[in-house]
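Think of it as A, B, C, D, E, F and G in the order they're written, each chain with its own count starting at 1.
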Amino acid sequence: MDSSRPLDALNNSRGKRVIVDLKNGWRFVGKLHAFDIHINTVLEEAEEYEPKNKTVITQVDEKTSEQVVLGDKELKRKLGTVFIRGDTITNISVQ
Amino acid sequence: MDSSRPLDALNNSRGKRVIVDLKNGWRFVGKLHAFDIHINTVLEEAEEYEPKNKTVITQVDEKTSEQVVLGDKELKRKLGTVFIRGDTITNISVQ
Amino acid sequence: MDSSRPLDALNNSRGKRVIVDLKNGWRFVGKLHAFDIHINTVLEEAEEYEPKNKTVITQVDEKTSEQVVLGDKELKRKLGTVFIRGDTITNISVQ
Amino acid sequence: MDSSRPLDALNNSRGKRVIVDLKNGWRFVGKLHAFDIHINTVLEEAEEYEPKNKTVITQVDEKTSEQVVLGDKELKRKLGTVFIRGDTITNISVQ
Amino acid sequence: MDSSRPLDALNNSRGKRVIVDLKNGWRFVGKLHAFDIHINTVLEEAEEYEPKNKTVITQVDEKTSEQVVLGDKELKRKLGTVFIRGDTITNISVQ
Amino acid sequence: MDSSRPLDALNNSRGKRVIVDLKNGWRFVGKLHAFDIHINTVLEEAEEYEPKNKTVITQVDEKTSEQVVLGDKELKRKLGTVFIRGDTITNISVQ
Amino acid sequence: MDSSRPLDALNNSRGKRVIVDLKNGWRFVGKLHAFDIHINTVLEEAEEYEPKNKTVITQVDEKTSEQVVLGDKELKRKLGTVFIRGDTITNISVQ
């Protein structure tokens, strides 16, 4: 990516495998086939990953404390081609 | 799908059975009949699937830990034709 | 519905009783009188249904597990004519 | 209401007492004085109703089950004239 | 307020003390100085009120039931002039 | 602030230290350097404050009642210049 | 940053390492390569930080009180170049 506009930079990732993170914590990984100005995005050979929340419980002195952490994402579905609506996307990076 | 714009790619799925995932976790499966630039979508012979959340409780050492996982989706209703408002859609993939 | 644009397809449901599901889980059922490009919708002889959440508690091995399920919707109000703002609508289907 | 566009239908309710339900569960009841294409709405002689959530606890076999239900709305404030921003509105019906 | 468009009606409240309720439950009270078509609003001699949630616990037969009620709002800050972004506003009424 | 349009009124605060409250409860305090019609805002010599929620537990008769209150905000970071996206802002007031 | 429009001010940070905070509490740190009027942003040599929530439990008299605090953010992933959709961004500051 070497251009000064965000969509030009995104265009340099066409044909590469990218990671698409969604607002709801889900993730798609696949080959970047197409996108438009709304960031509507089409991936090929896509995989869908599900977020896992974990509650870690620790104990300091005699007090119990809970800490919510986001665990690793788990492969949920293998999809062929997937159309992702742009307004659900948080960020896109090359894998 | 072989075109460089997302809606062209989506157009290649017309007449095929597609999976439409919504922001609230619900899912529609049906034959893709129509869509527009807002991704307003019409499915025929549609089925509606409800998300199920499960809380899995494990115990490590003497501490109890809860993990929220999204269970399988369950068939809720068989619909004929359904109009889905575009802004509720997360992603669309061929079944 | 036999046209290739979503609003044309929706237009074929005018005068029929339709189910309108909202983002907050509520549902309106009534005769489709009018809609516009924002999917602002007017139903006649409308009924309003309230969502019910239930928590089902099961026990596996000595562990208690909770599962939140969406129960059946319950008739809340009988309305004459209702105007529904389009951006609150998830999907519309013929009853 | 006898016209084919939603705002025309809404226009037929001018001067009548209407119920305006908001996305956050609150409700306004008053005489419909004015609205625009964003559904920004002005009511006169308005009353504001607050939603009440109740948790009903039942017991099946030896398991306790909680069910959240939306109780009746309660009159909170008597207002003269109120301006309601359109994007907070779910639906409007004649009282 | 005697005009048929919502913003004209709102204009009639200029210079009067108004109550501005926000989507997050907060409230501003002050003299209405200015607003625009987005309902961006400027109040003078403004006061900010914080919402208080209370959980009322009652007991019927031998079952405990919780009811969440919104308590009275409490004065949090006295501000001079405040600019409120229109899309955070639920409703505006004369005090 | 003495002009009849909200952005003119906001313009009168340029160069003064302002408090910018965000939808997520965070707060920025700094010198108002620039803003545009989307209320995208740039502050200089900015400080970031984190919201603190507290749960106050009281006991009436033999019933326990919880009340969630928003505690004082705490200084989290000292920033030089910060760009704040307009749609995250709730309100802006002179310090 | 010395210009009177927010995007000009942001432009002065091009090529510098910036902190980008998102609405969901996540944070990206990297070299500001590009942005547009929607604040779609491209960072190079980017790092992704995950928010950690902690529940601190204190005891006053014989009452237990919980306080939710946002702990330090933890490095989650090292990314090369990342495209961030503008509408997920809360604020951008120079590191």
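Convention: a residue touches a chain if its C-beta (ideal position, glycine included) is under 8 Å from a C-beta of that chain, and two chains touch if they have at least 3 such contacts.
Bear in mind that the values here come from a model prediction, so they are computed numbers and not experimental data.
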TODO: Name, by label, each chain that touches both members of the pair subunit F and subunit G.
DONE: none
Open item on the list: Distance between subunit B and subunit F based on Cα centroids, please, to the nearest Å.
Closed with: 37
- [ ] Using mean C-alpha positions as chain centres, tell me how far subunit A is from subunit C in Å, no decimals.
- [x] 30
Task: Centre-to-centre distance between subunit F and subunit D (centres being mean Cα positions), rounded to whole Å - done: 30
Task: Averaged-CA centre spacing for the pair subunit E and subunit D, given as whole angstrom - done: 17
Task: Contacts with 2+ other chains: residues of subunit G - done: 87
- [ ] Name the chains in ring order, counting from subunit B in the direction that reaches subunit C next.
- [x] B, C, D, E, F, G, A
Open item on the list: Quick check: in the complex, which residue numbers of subunit B touch subunit C?
Closed with: 22, 24, 26, 28, 33-36, 40-42, 44, 46, 50, 52-59, 71, 79-85, 87-88
- [ ] Give every residue of subunit B touching subunit A within the complex, in rising order.
- [x] 1, 3-10, 13, 23, 39, 63-70, 86-87, 89-94
